[in-house]
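Several structures are given next for inspection.
The two complexes that follow have chain A in common; it is paired with chain B in the first and with chain C in the second.
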Partner chain A sequence: MICLGIESTAHTFSCAIVQKNKKGGKILSDVRKIYRPPEGQGIHPREASRHHIENSSDVLLECLKKANLKISDIDIISYAAGPGLGPCLRVAGVIARTVSSYYKIPIYPVNHAIGHIELGKLLTGAKDPLVLLVSGGHTMLAALKQKKWRIFGETLDTTLGQLLDQFGRSLGFASPCGKKIEDLALESENYVSLPYVVKGNDVSFSGLLSAAKKISSNQKDACYSLQETAFAMIGEATERALSFTEKKELLIVGGVSANKRLSEILKKICQRQKCKFFVSPIEYAGDCGSQIAWTGLLEATAKKGAKLDETFVRQSWRLDTVEIDY
Partner chain B sequence: MRLLKKGAEGDIFLTKHENALAILKTRKKKQYRNQILDDRIRKSRTIRESTILSEAKEFGIRTPLVYQVNHNDCTILMQHIKGVVVRDLTGSKLVFACKEIGKITGTLHKNGIMHGDLTTSNFILSNGKVYTIDFGLSQRTAKIEDHAVDLRLFKEILNSAHVNVMKSLWSSFLQGYRSAVGHSRYNQILNHVSIIEGRGRYAQVV
Partner chain C sequence: MSLTCRVQIAINNISEKKAKAVQSALEPDNVDFPEGLSLEIENIDNALVFNFQSTGSMKKLIPTIDEVLAHVQMALKVIE
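So, the complex of A and B:
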């Protein structure tokens, strides 16, 4: 079975084609165009959605071309129906509905967070992991239990991605700022004390962000101290969730999983807790169509396509409300 | 000395103190953490946990006796409580334990302490009595927000670890909690729990 997946929840517009066979799945193509806001600024939802619309046909055509397929070869279509920015989400929704109704292809709305998790599982081979999803939209620890991804810890306010981006932007960096902060942090070992807030299995970053901005006169020290504090908090929350759930695998997915220092910390935690460590490959860590296509294929094993009047987009759509039937 | 559990914060050993079984809770250095930050966290938590373990007894909460505290190694030697961790209970015992945890939480709050790590694995049912065994994240605070965070965490844990029976466990917890803090404080805190939940990522607020 072949699925076309469309992703446009935030800054990335992506189309991908994934094939599912008995053994697993294979990505045939994955094409992306990313909206870049001006330096020091965040995503402007209207501008981002304009970018997505303008690039949509090129990306879709290129994705078919790279997979060496025609639209008539596609068995099902899936799109990221949420959570995300409303104007951006609607782009994938409109394209998916259009192609689906014109070519009579079954359509599947897919949860973006589950897309991250399922593709991570496919590409790493993790079977029953505790998942740490760290991105601009999410910071949560989840594990599958009785047909739902249950949350075993999450941020109570901003996400890890937002923390890094908002701090970086306050220094005038271009979003996403993670890489730049990671590079600057490597140049310092001078730890400046910052607030460390772990509440049970949950974390809170808002106070840390304000405090980090106050010490930003030395950028290197500030970046180092911010990373050390925030990642140690995530590390502790992860360790608590691992110890509570007694899972033997940890899978890390989402844009921030590209950060080497974060991986290093989590790897050491896994050694201590005697559990296997999986991290999604860097090219599929951020948002992409493959995540959506693969989840669509999994959904299709348990469900028929959605009726056109049920193909909404939902800005607020929590991971733990989705029933997993496959 | 025998390793009982590799916890999230440190290791728990079963050992002896003056011929009685005892628990040694260690907070080892964490290599992955910046050392200044690591020292700060381990030391402050050891001190806080050991004082609150003793202080909580003053208002009738069952906790292990503290035998020895070492601020440099960050270890606490305490009484061994024989029993079953509430997380592993089922049926009416689990319901009873949740009501007791509610009462304990309420009593702590009334006395200006938040537990900070309210999960079913931090309580032990021993001879029909519930003991609170872990105060590592406890804080002295009378703020509504902090108390509500305790309740929200417990609800989250019930929702994820005890899915099937979540509703009855939550209502017995609340029953116990209300009996300790009184009607008006109860409503105030419960209202604040919904406020915190509304702040959650992608929560349905409208």
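So, the complex of A and C:
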């Protein structure tokens, strides 16, 4: 079975084609165009959606071309229906419905966060992991229990990706700022004390962000201290969740999973907790059509496509409300 | 006195199949409109007709028309 997946929840517009067979899944193509706001500025939803609209048909054509397929070869279509930015979400929704209606192809609305998790599982081979999802849109620990991804800790305010981006933008960096902050952090070992807030098993980054901005006259020390504090908070919540759930695998997915220092901290935690550590490959760590296509294929094993008039986009769609039937 | 503004936009010479595809792509998002703003989409003969109506503030009308037309253009380009 072959699925065309469309992703447009935030910065990235992406189309991907994934094939599912008895052995698993194979990514046939994954094409992306990323909206880059001006330096020092964050994402503007309308501007991002305009970018996606302008690039949509070219990305779709290139995706089909790279997979060496025609639209008639596609068995199902899936799109990221949320969570995300309204104007951006509607782009993928409209394209998916148009193609579905015109070519009579079954359609599947997919939860973007679950897409990250399922693609991470496919690409790493993790079977039943505790998942740490860290990106611009999410910071949460989740594990599958009784047909739903249950949350074992999350951010109470800013996500880890937003923390890094907002701090980076305050220094005039262009989004996404994670790599630049990681590089600067490597040049310092001078830790400046910053607010460390873990409540229960949830984290809060807003105070940390304000405090880090106040010490940003020395960029290297500030980046180092910010990373060490934020990642230690995430590490504490992760280790407690591992201990509580007794999972024997930890999988990290989302754009921030590309950070090597975060992986280093989590690896040590896994050694202590005697569990396997999996990281989503960098190429597929961030938002991409493959995560949506693969989740669509999994959904198609358990249910029929949605009726067109019931296909929705939902800006706030928590993954713990989604029933997992596959 | 509240101001009411009606805008009708027709896309002519469009095949019924294409018009149906565009209509069914746009209609599911025609929900949760700001108060006083509405949109009806009709597929009449060889035309796709969009009827916008705004009562009170016009602030949301123009961006809504702009987004709907951008989506129509995108949808038609995708099925070309």
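FYI, the second predicted complex is superposed on the first by the 326 of 326 C-alpha atoms of A that agree within 3 Å, B and C clash if a C-alpha of one lies under 4 Å from a C-alpha of the other, contacts with A are read in each partner's own complex, and residues count from 1 in each chain.
Here is the rule we go by: a residue touches a chain if its C-beta (ideal position, glycine included) is under 8 Å from a C-beta of that chain, and two chains touch if they have at least 3 such contacts.
Model, not experiment: these values are computed from the prediction.
> Just from the overlay, do chain B and chain C fit on chain A, or is there a clash?
Fit.
> Between chain B and chain C, which makes contact with more of the residues in chain A?
Chain A has more residues touched by B than by the other partner.
> Can A:57 be said to touch chain B (first), chain C (second), both, or neither?
After superposing on A, A:57 lies in contact with chain C but is clear of chain B.
> Between chain B (first) and chain C (second), which does A:289 come into contact with in this model arrangement: first, second, both, or neither?
The answer is neither, since A:289 touches no partner chain.
> Have a look at where A:272 lands relative to chain B and chain C in the superposition and call it first, second, both or neither.
first
> May I ask you to decide whether A:25 touches chain B, chain C, both, or neither, giving the answer as first, second, both or neither?
neither
> What is the contact status of A:156 with respect to chain B (first) and chain C (second): first, second, both, or neither?
After superposition on chain A, A:156 lies in contact with chain B alone.
> Output check: A:145 vs chain B and chain C. Expected answer is one of first, second, both, neither. What do you get?
first
> Is A:168 contacted by the first partner chain B, the second partner chain C, both or neither?
Touch partners of A:168: none, neither chain B nor chain C.
> Just checking: does A:178 make contact with chain B only, chain C only, both, or neither of them? Give me first, second, both or neither.
A:178 contacts neither chain B nor chain C.
> After superposing on chain A, what angle in degrees do the C-alpha centres of chain B and chain C form at the C-alpha centre of chain A, to the nearest 10?
120
> What is the minimum C-alpha distance, in Å, between chain B and chain C after the two complexes are superposed on chain A?
Chain B and chain C, overlaid via chain A, are at closest 11 Å apart by C-alpha.
> Do any residues of chain A touch both chain B and chain C, and if so, which are they?
Residues common to the chain A contacts of chain C and of chain B do not exist here, since the sets are disjoint.
> So in the complex, the part of chain A that touches chain C is made up of which residues?
46, 49-50, 53, 56-57, 60, 87, 90-91, 93-95, 97-99, 101-103, 308-313
> Going by the contact rule set out above, which residues of chain A touch chain B in the complex?
82-83, 137-140, 143, 145-146, 148, 150-152, 154-157, 159, 191, 193, 196, 198-202, 228-229, 232, 235-236, 239-240, 242-245, 264-265, 268-269, 272-274, 315-320
> For a test of understanding, state which residues of chain B touch chain A in their complex under the given definition.
Touch list, chain B to chain A: 5-9, 30-34, 36-38, 40-41, 87, 116-119, 121, 137, 149, 153, 156-157, 159-161, 163-164, 196, 199-205.
> Which residues, counting only chain C, touch chain A once they are in their complex?
17-18, 20-22, 24-29, 63, 67, 70-71, 73-75, 77-80
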